[in-house]
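After the structure tokens below, expect a handful of questions from me.
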Amino acid sequence: MKYQTYERGYTPDKSFESIKEIISEAYHNGCEETSKGKPADYIPELAKADGNAFGISFLNNAGERIELGDVETRFTIQSISKVINLAASLKFRGYMDTFSHVLMEPTGDEFNSILKLDTRSDLPFNPFINAGAIQVVSLLADMFDFEEMLGFVRQMCMDNDIALNEDVYRSESETGDRNRAIAFLLKSKGVLMADPMKTVDLYFRLCSLNVTARSLAGLGIVLANGGMNPFTGKHFIAPNYVRTIKALMFTCGMYDFSGEWGVRVGIPAKSGVGGGVVCAGNGMGFGLYGPALDQAGNSVAAIAAMEHISHLLRLHAFES
Amino acid sequence: MKYQTYERGYTPDKSFESIKEIISEAYHNGCEETSKGKPADYIPELAKADGNAFGISFLNNAGERIELGDVETRFTIQSISKVINLAASLKFRGYMDTFSHVLMEPTGDEFNSILKLDTRSDLPFNPFINAGAIQVVSLLADMFDFEEMLGFVRQMCMDNDIALNEDVYRSESETGDRNRAIAFLLKSKGVLMADPMKTVDLYFRLCSLNVTARSLAGLGIVLANGGMNPFTGKHFIAPNYVRTIKALMFTCGMYDFSGEWGVRVGIPAKSGVGGGVVCAGNGMGFGLYGPALDQAGNSVAAIAAMEHISHLLRLHAFES
Amino acid sequence: MKYQTYERGYTPDKSFESIKEIISEAYHNGCEETSKGKPADYIPELAKADGNAFGISFLNNAGERIELGDVETRFTIQSISKVINLAASLKFRGYMDTFSHVLMEPTGDEFNSILKLDTRSDLPFNPFINAGAIQVVSLLADMFDFEEMLGFVRQMCMDNDIALNEDVYRSESETGDRNRAIAFLLKSKGVLMADPMKTVDLYFRLCSLNVTARSLAGLGIVLANGGMNPFTGKHFIAPNYVRTIKALMFTCGMYDFSGEWGVRVGIPAKSGVGGGVVCAGNGMGFGLYGPALDQAGNSVAAIAAMEHISHLLRLHAFES
Amino acid sequence: MKYQTYERGYTPDKSFESIKEIISEAYHNGCEETSKGKPADYIPELAKADGNAFGISFLNNAGERIELGDVETRFTIQSISKVINLAASLKFRGYMDTFSHVLMEPTGDEFNSILKLDTRSDLPFNPFINAGAIQVVSLLADMFDFEEMLGFVRQMCMDNDIALNEDVYRSESETGDRNRAIAFLLKSKGVLMADPMKTVDLYFRLCSLNVTARSLAGLGIVLANGGMNPFTGKHFIAPNYVRTIKALMFTCGMYDFSGEWGVRVGIPAKSGVGGGVVCAGNGMGFGLYGPALDQAGNSVAAIAAMEHISHLLRLHAFES
């Protein structure tokens, strides 16, 4: 709220030094917020996270990094995997095929809601709610096995150490009956594209990958950079797909807080209940880790930090 | 769909002549689409519109115009008034006051749905669904009478000829019982800020104002230009409020097609069932009039035209 | 629960003395329950009721009475008026006309829910939820004024002292915006048969009539006796209409507890949040008053008392 | 509708000859209705049924039978198995245990709805919707195998020839993903009492048993007779459980038509999409088979026939 006004004609200093200072302030702001949230506890493994932990990793097009706090701590990627799954589906099945199996609309319902499936549409509303993400995984499950998908994740995050967290995977699988219900519901409507149990198993595995804030900054810069890896110069994913992903992150990326994030921060982002947030700004990738969550399931520290950064660097997509 | 790919390194020619040509192509594309939709018919006055009509009005920061087709035809502003009402509430009651009475989240429900009011939140989800717009009008109804609000609309659209369409107003009022139901529901929850019947009457009047595509281009450029009237140089509304409005237009502006519009066009926009669409691009305001609507209530010609324009001028907010 | 089993071949003694004794036990059982509920408080007038109050009034076909406790205390009839309104509609508009405007199905939703109106049917599901009762009143509002309806209520309850409780009526009217919303919603769907504000005003008045447990026993015996007043021998309402009313009381009469009441008590009944319950057993009318309510809005004392009476007199409709 | 009025003082002739004649008329009435419905087609096996088929089997406490039409045709029991499953749970787990796992309230939603599970209660609303029936089967699945349950069904219907229809079972299983979704949803809420896949498999088998109208008359007379087999005089199930089952049949037995059936017929009944209906009147059991269904899933011929029978024999539970 304190970020509502600028002085007329304010033009931010976007030198590397200035960015460093602003991120440092943002980091401190974030740290002060951690006590206002708490780690997810729907599976025991997540509840073990240190609620005070916080880290920001920044990476720009030039390959320069700024990092503060817990940027090497491993945590599970959770819902942020939905972004990568969508990217894989766009890359390997294309735009038309992907979006003939899932819609593009925000829902305003909880991320694991099945309400609209039974009242508004047989196809899930978007790829970032559970129903939509499971649907997207069903597009991939008969093309790739887990190892192949893991390779894709590692490349897209530029982190070869990403691996399955077996404990979280087991926990997810044991408590994942609602996701199984969603998969069978999609199957019953004739829209799921692979076996429900196989699909959900791959979905659980892809949610249970151990990443770091640094991995997410890697993911962020690929998206911020039109799909190009800034170190290799190679296009990992086509620019028009990246645009599509970022538009959906803007409208649906932050659970039930997506609209407010769009107003207050205005940078395409996706969060996960493991505490991670990826942001893809104007030529800037951000990865954040703060497991203390608010009621909507977003990292409280990440919100505070990114609101500060967006304001002082004028990164809001609709900044005038 | 045909607009999914660019050649690498494509940089559009944004000279005035080039823009003129692109808009001309877009106009022709739009004209070809009109037969795929039909005018709204929930009130007889709207059904009288000429389904083949189409017009585009463009206005840039320099005050230059490009106009094709039916840009002087008067039609009722309908839901686009929700943008102006929100602007008035932000300007006269402020950000904090406004958003303590209405949320900022997209719903995925129909524009006149009351479902979430009874299941998810006493406050309407956003200012661009009917419930939220009525709520915003209740913030204004005890501050301004209709004449004062009309003055505000005229200024914001730079069009002193905007006036009440008495026939449409009467029709809206006669058939507006669902909106009365919404107002009483909000009252019953203790959130409506003025008398329900008075609020709804003002709401109907503000929906029944006769505008043109040109008026909407005026509204568009004020939003595109950070709230500044390009002719007078005066700030009509503060830049941070404009940013807020545009973020909400992006997530919630095009009814149940908002998410897909965000992917395919990517410019903050708001449509009305009278056939109007306002778009606020990068220093460019667009007003469109095409009363043939699709099932979601958006002008079919406007969608086709703006997708072409956004693509060829690379106006998508998340273009890489 | 304690009433689940009989000894084989148990045949109750239905002499007047035996009934007297059983009702006396039931009265004591009911008194012990009053502390487990509390009076409705959505309007201040109702909250003033004495939570410890309890009374049972019994009246049989022979005109004999058994009365214990607070049987002369006046309280407002509230939702029990829905039974009388339905009776009036059946009597004066007929079966076909009435049920072409309201359905006959239980909902499983809250009594003031509007969910099904927006998702399942334009017609209200049954006459005993608010939407259905308002709909029924709209069938009467252009035929009868309040005084005429009051005359009908007095006759059907055999109580000429029934009168409007002005304080409750005023309170109902002041806090009745949800019912106004329902009326406008029905109007918007084209199903309400009279002016919404006029309909709701008559509805509020009919909910605000002061009755006693004795009045409800009168209503009960008319229903138990096929519509015939046992004192005058006159048929007030045709037997087939009475059958219809009782079937609906069985499936929908006790709010969200109707199904369980049907299993445990098994006598057609209707309750009101004023604390009243009317029961129409086999040739027996019961009126109960116990303002301490459970969460479903039913009198806790009345449930306990009627379960005892039903069990010991074997009044359950599906007793084998 | 034609059955709304009696002449005053009408007392039906309930001699066996009179009953025979009335059932014969009812049979002819039913036959005339068959063209107004059509067999269920959600699985191919059901669609093969002869839409013109119709049969009524009557059995009274004295063991006397009246039978007309297709009373020996085998068809699958489908939802009528829900009555037998509830009986088994009441008999073997008791009232308290059963109803601590499922509620007793009608829903007004479709039989396979999951809406209320996600909005109103973790426990299914009643044992006669799919969610509630699956829940009841989960109470039995770890106590009995299919063969044991089949034995129970045969005894309760007095028909030792009841057997699994393998084709229908296979079809049910292949198309039963919505029921699997329901089972996993119940599991995710922690309420399902056995493995979801095992539970649903048993549920499918019990829906796929081949019965006849005569089998259903057997089931009907056991319920009509307080749980006692009229041939052996043995109590198969306790009278208080029978009362409970019949109360639930009255409020929830005929899908979304239960309320209207209660008004127009007024006899506890349960239907299945195989075309069967069981009715438990006053000392009379009826089994009907008419695969032509209305939109609610009930046999059109059975409705017409039972309305006639109920009227002429005055069997309505709330007949005055």
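Residue numbering begins at 1 within each chain, and the chains themselves are lettered A, B, C and D in the order written.
Quick note on the criterion: contacts are C-beta pairs under 8 Å (C-beta built on N, C-alpha and C of every residue); 3 or more make two chains touch, one makes a residue touch a chain.
Quick caveat: nothing in here was measured; it's all calculated off a predicted structure.
Undergrad: Which chain lies the greatest distance away from chain C when centres are computed from Cα atoms alone?
TA: Of all chains, A has its centre farthest from that of chain C.
Undergrad: Measure off the straight-line distance from the CA centroid of chain A to the CA centroid of chain D, and report it in whole Å.
TA: Chain centroid spacing, chain A to chain D, equals 50 Å.
Undergrad: If you average the CA atoms of chain B and of chain D, how far apart do the two points sit, in angstrom?
TA: 55
Undergrad: Distance-wise, how many Å sit between the C-alpha centres of chain C and chain D, to the nearest whole number?
TA: Taking the mean C-alpha position of each chain, the two centres sit 30 Å apart.
Undergrad: Which chain A residues reach two or more other chains?
TA: Residue numbers touching two or more other chains: 119.
Undergrad: Go ahead and list every pair of chains that touch.
TA: Result of the pairwise touch check is A-B, A-D, B-C, C-D.
Undergrad: Using the touch rule from the top, collect the residues of chain D that touch chain A in their complex.
TA: 113-115, 118-119, 175-178, 180-185, 187-188, 196
Undergrad: Give every residue of chain C touching chain D within the complex, in rising order.
TA: Result: residues 1, 4-6, 95-96, 103-109, 116, 120, 125-126, 224-227, 238-240, 242-244, 246-248, 250-252, 256-260, 262-263, 266, 268, 316-320 of chain C touch chain D.
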